[in-house]
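Okay, here's the structure, questions in a sec.
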Amino acid sequence: MKSVSRLGWAGLVGVLVLAGWLLPRWLVFLLALALAKGVAVLSVVVLMRAGLVSFGQGLFFAAAAYAAGFAMRWGVRETLLLVPWSVGVAVLVGALAGLLVARYRDIFFAMLTLALSMVLYGILIKAYGVTGGSDGIRIPTPTLLGVQFSGEGARLVVYYLAVAATVVAAWTMGRYDRSPAGYLAQAVRDNELRVAYLGAPVPRVVYLGFLLSSGLAGLGGVLTALNVGHVDPGLSYWTTSGELVFIAVLGGTGSVMGPLAGAVVYELIRSYAFKYAPYAWQMMLGAAMLLIILFLPGGLWSPVERLWRRQTT
Amino acid sequence: MAEADHVRTPILEVEDLTLRFGSITAAERETVIVYPGELVGIVGPNGAGKTTFLNLITGYLRPERGKIRFWGQDVVGLSPHQITALGVGRSFQIPQLFLTLTVRENVLVALATREERWADLRRPLHEPARVQAADEVLVQFGLLAQADRPAGELPEGGRKLLDVAMAFALRPRLLLMDEPTSGVSAREKFQVMDTLVQVLREAGVTALFVEHDMEVVRRYATRVLVLSNGRILADGVPAEVLDDPEVRLAVTGRH
Amino acid sequence: MDKLAVIAVDGLVFASWLFLVSAGLSLIYGVLRILNVAHGGLFAVGAYAGASLVVAYSAAGLWPLGALLALLAAAVASGLVLGLVVERGVLRWTYGREPVMQLLVTFSVFLILEDLTKLLWGVSPYYAYQPYQLLGQARVAGIDYPVYSFLLLVVAGGTGLGLWWFVRRTRFGRLVVAVIHDPEISVAMGVNLARVYVTTFTLGAVLAALGGAFTAPMISVVPGIGVEVIVLAFAVVVVGGLGSLEGAAVGALLIGLVRAAAVHLVPVLELFTIYLVMAAVLLVRPLGLFGRIEARRI
C-alpha cells in the first residue's frame, strides 16, 4: 500500500537508465536536476510523516553542496568520496539543529527551521573570504573511480549518479515508512500524548526523522551541486526550502513515488514557465498549490495511487 | 517463601501527595498503598480530583509535595514516557488513539515501543511475530474483526476497548484506567467490564480504575477509594464503603 | 555615553518599525490561530500602493504634508480590499484544517501577491522620498536624525494604543477577546464567528499594508521586500508570545534594542541578532515572553 510494487520500481529504474541513452542531452540534464530535487523533496516528506513542515531544508541542501565545494577546493575530486562526505556534513548539521528544533511543532517548527536556514544564508553571504559571498564556489567535474570524464560523458556520469542516489533514497524512505520508527512518527502526528504514554520518547522519534531528513536533503544538495557545477547562497535561501515544500504538496506526501513524480513535473513546467512567463510564474505556483490543497489534498499522485490500489486488490 | 514476599511488596505507594492550582485543591495529603492483584475502583463527584490523581502518578503533573513509589522506586519528577516504560500503563477518559492508523497498527505501535530497538530501520513494524502478538491482544478485546479498519472509524465502545488494549499491550504491571465504561451504553457496560476484568485477571495485572457507576464498582472492584475535593474520604471494601451514608452523600449528593 | 544614547534612539526607532510590521500578524494569529505568511505580500502591496499614491500626489503639487495622508489612505484601501478578498475567497474554506495546511494556504497567497505586485507595478523600483525629505532632520544626542524616523514612533504608538482601545474598550473588541479565549463557548453564547474572523483578518491586513506604506518612503520599493518582513515579523511575534499584542510590543523593543546595540558594538552580528534573540528566548520560554499555557487536555 505504501510502496509501489517491486516490479513497478524495476520498470521505472529501467526507463530512467534508458532515458540517459535515448533522450536529448538537455532533457537528461533537466531530469538529473529533477531527481536531485526529488530526493530533497523526500526529506520534506519524511518530516511530514510526523506532521511537521520544514521551511528550512535549504540548510542541509546548502550545507552539503558547500561541503562538496570545499572538498573540491582541497583537492578531493572523487565522486564516491564527495557524496558520503557531503551527506555526512548535512547529517552533522541536522544533529545539531535537531537538538534545538525537535521540541517544537506546527508553525514554530516551520519558522525555526526557516530561521536556521536563513542564518546559514547570512553566513554564506558575509564570509566572503571563505565562501565567495554571493558569487559562490565553482564545482569542477568530479572523477568516478579515479577516471576523469569530460563533456557529454561527465553529464551522463552525473545523471546516472542521480538515478542511483534516487533509488537509494527511495529504498531508505520505504524502509523507514515500514519500520516502527516511521509508524511512531505518524503516531506522533496523530497523538503525541499517547506516544508518550506508550513509553516512547517523543523528542527522540522526531529527532530520528530529522536526522534522516537532513541526510536526504544533503544528498539532494550535493547532487544539485555536481549537476549545476556551481553553488551559491541561494541554496540556503528560504525560497529553495519553500519550493521543496511546494513540490511535496504537489506530488502528494502519501507515497515515495509521488514526490519524485512531482519533482519531474515541476522541473519540466518550470523550465518553460520561467522562460515564457517570468512574472507570473510564482502566481501560477501559488494558484496551483491552493487548488491542490482545497480540492485534491492527497496531491497529484493520489488518483494514480488509488487506481493502482484498485487494480491490485 | 519468595511468593509470599512478592505478595507483600506494594506495587504502588503514594504518600502525602499534594497539589494546588491557585485556590483549587487538586490533591491534598493523599496516601494510598496498593498491593499486587488488587482491582481498585476510584469514585467521587466531578472535580474531586480523580483524573488528577492518575495524572500525578503518571508524571503528567508534578506534585508540590509527597512521594510516589512504583515497586519501591521513586518516580516523582519522571516524565510520562519514563514512568510508562517502568511498567505503568494508562488508558484515558477520552480515548487517545492514532486515528489515521488501523486498529491493528495501533496495537503494533504499542508493542514496538515496548522493545528497546524501535529505531532499528532494518525490521518492519509488521514482523510476523509482532503481528501475531497484536492479533492475540485484539482477540482478547474482541477487536480482531475490525483489525484493518482505521481507528478513526471505530464506534465509541470499540475506541474505549482499543484504548485499554494499547495500554494492556505494553504488559504493564500496573494499569490505570480513566472511566473505561464512560460513553458505553448501559447495556454494554457490564459486557465491557467483564471482558476487561477477565483479561486483567488472566494476565495478573494490578489495576486502578476511575468509575462513575456505583454498580460497576460494587461488582468488579476488590477495593474502593472515595475522593472528594482532592482528599481521600474513604478506602476499603466496596460493600462497606459504598453503603456508608456519608460516602453516598459526598459522591451522589443524595442519602 | 553618547554611544548608549545613540543605541537607545536607534533601537527605539527600529523597534517601532518592527511593531508596526508585526502587529497585524500577531492579531490575526491571536484570533484565527493562523500564521499568515501572506502578511509579507500585504506589506509589499501596501508599500507599492503607498509609494505610487505619494508619487502621484506630489506631482499634483497640493499641500505637501498631505502625502502622509496619502500613505494612510493607500494602506487602508489596499488592506481593506485584499483582506476581504483573501479571507472570504480563500481562508474561510480552510478553517478547522490542520495548522500546517493553513500555513501552506497563506504561503500560496503570498506567492500570488508577489507576482501580482510585479504585474501591477512592474519590476523597476519606486521612490517615494517626498514625505521623508519634507520632514527634514533633527539633532538628537549630537547626531542628525531624519524626523520621519520619529514619525514612525508616533505611528507605531498610535497603532498600539488604537488596538488596545479597540480590544479592551469596544463591544466588538470584547467579542474578539471571547473568541480568543474559547471559540466554541463564544459560538454557544451567540457570537458570530464568521464576522469576527473576517473583521479581524481585514484589520490585520490593513495593519500589514500600513507597515508597508510607511516603510515605502525610507526604501526603494522593489520586488521581494515582503520576504524579509515575514521572517522579521514572525521573530518579533514569537519572542513576545504568539497572539499577544503586548508581547509583540515587548518583542519589538527587545529585538530593536539588541540589534541597535549590535550595529554599534559588534557589527558582524547585526544580521543574526534577530535569530539569536529568538533562539535565546525560545530556549528559556518555549511559548515566548507572554505566551499562554494550554489548558489540560486529559
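Order as written gives the chain letters A, B and C; numbering starts at 1 within each chain.
Here is the rule we go by: contacts are C-beta pairs under 8 Å (C-beta built on N, C-alpha and C of every residue); 3 or more make two chains touch, one makes a residue touch a chain.
Bear in mind the structure is a predicted one, so any value in this text is a computation, not a measurement.
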If I average the CA coordinates per chain, which chain comes out farthest from chain B? C
When the mean CA coordinate of each chain is compared with the mean CA coordinate of the whole protein, which chain is closest? A
How big is the gap, in whole Å, between where the Cα atoms of chain A centre and where those of chain B centre? 44
Distance from chain C to chain B - Cα centre to Cα centre, in angstrom: 49
Distance in whole angstrom between the CA centres of chain A and chain C is 33
Residues in chain A with touches to at least two other chains are numbered 193
Residues of chain B whose C-beta touches two or more other chains: 96
Quick check: what residues of chain C touch more than one other chain, meaning two or more? 298
Within the complex, chain B is touched by chain A residues 172, 175-176, 178-184, 186-187, 189-191, 193-202, 204, 208
Considering only the defined contacts, which chain C positions touch chain A in the complex? 35, 90, 93-94, 98-101, 103-105, 107-112, 114-116, 118-119, 123, 227, 231, 234-235, 238, 242, 268, 271-272, 275, 278-279, 282-283, 286, 297-298
Please name which positions on chain B make contact with chain A in the complex. 58, 79-82, 84-85, 90, 96-101, 105, 108-110, 112-115, 118-126, 166-167, 170
Give every residue of chain A touching chain C within the complex, in rising order. 51-53, 100, 103-104, 106-108, 110-112, 114-116, 118-119, 122, 126, 193, 238-239, 242, 245, 249, 279-283, 285-287, 289-290, 293-294, 297
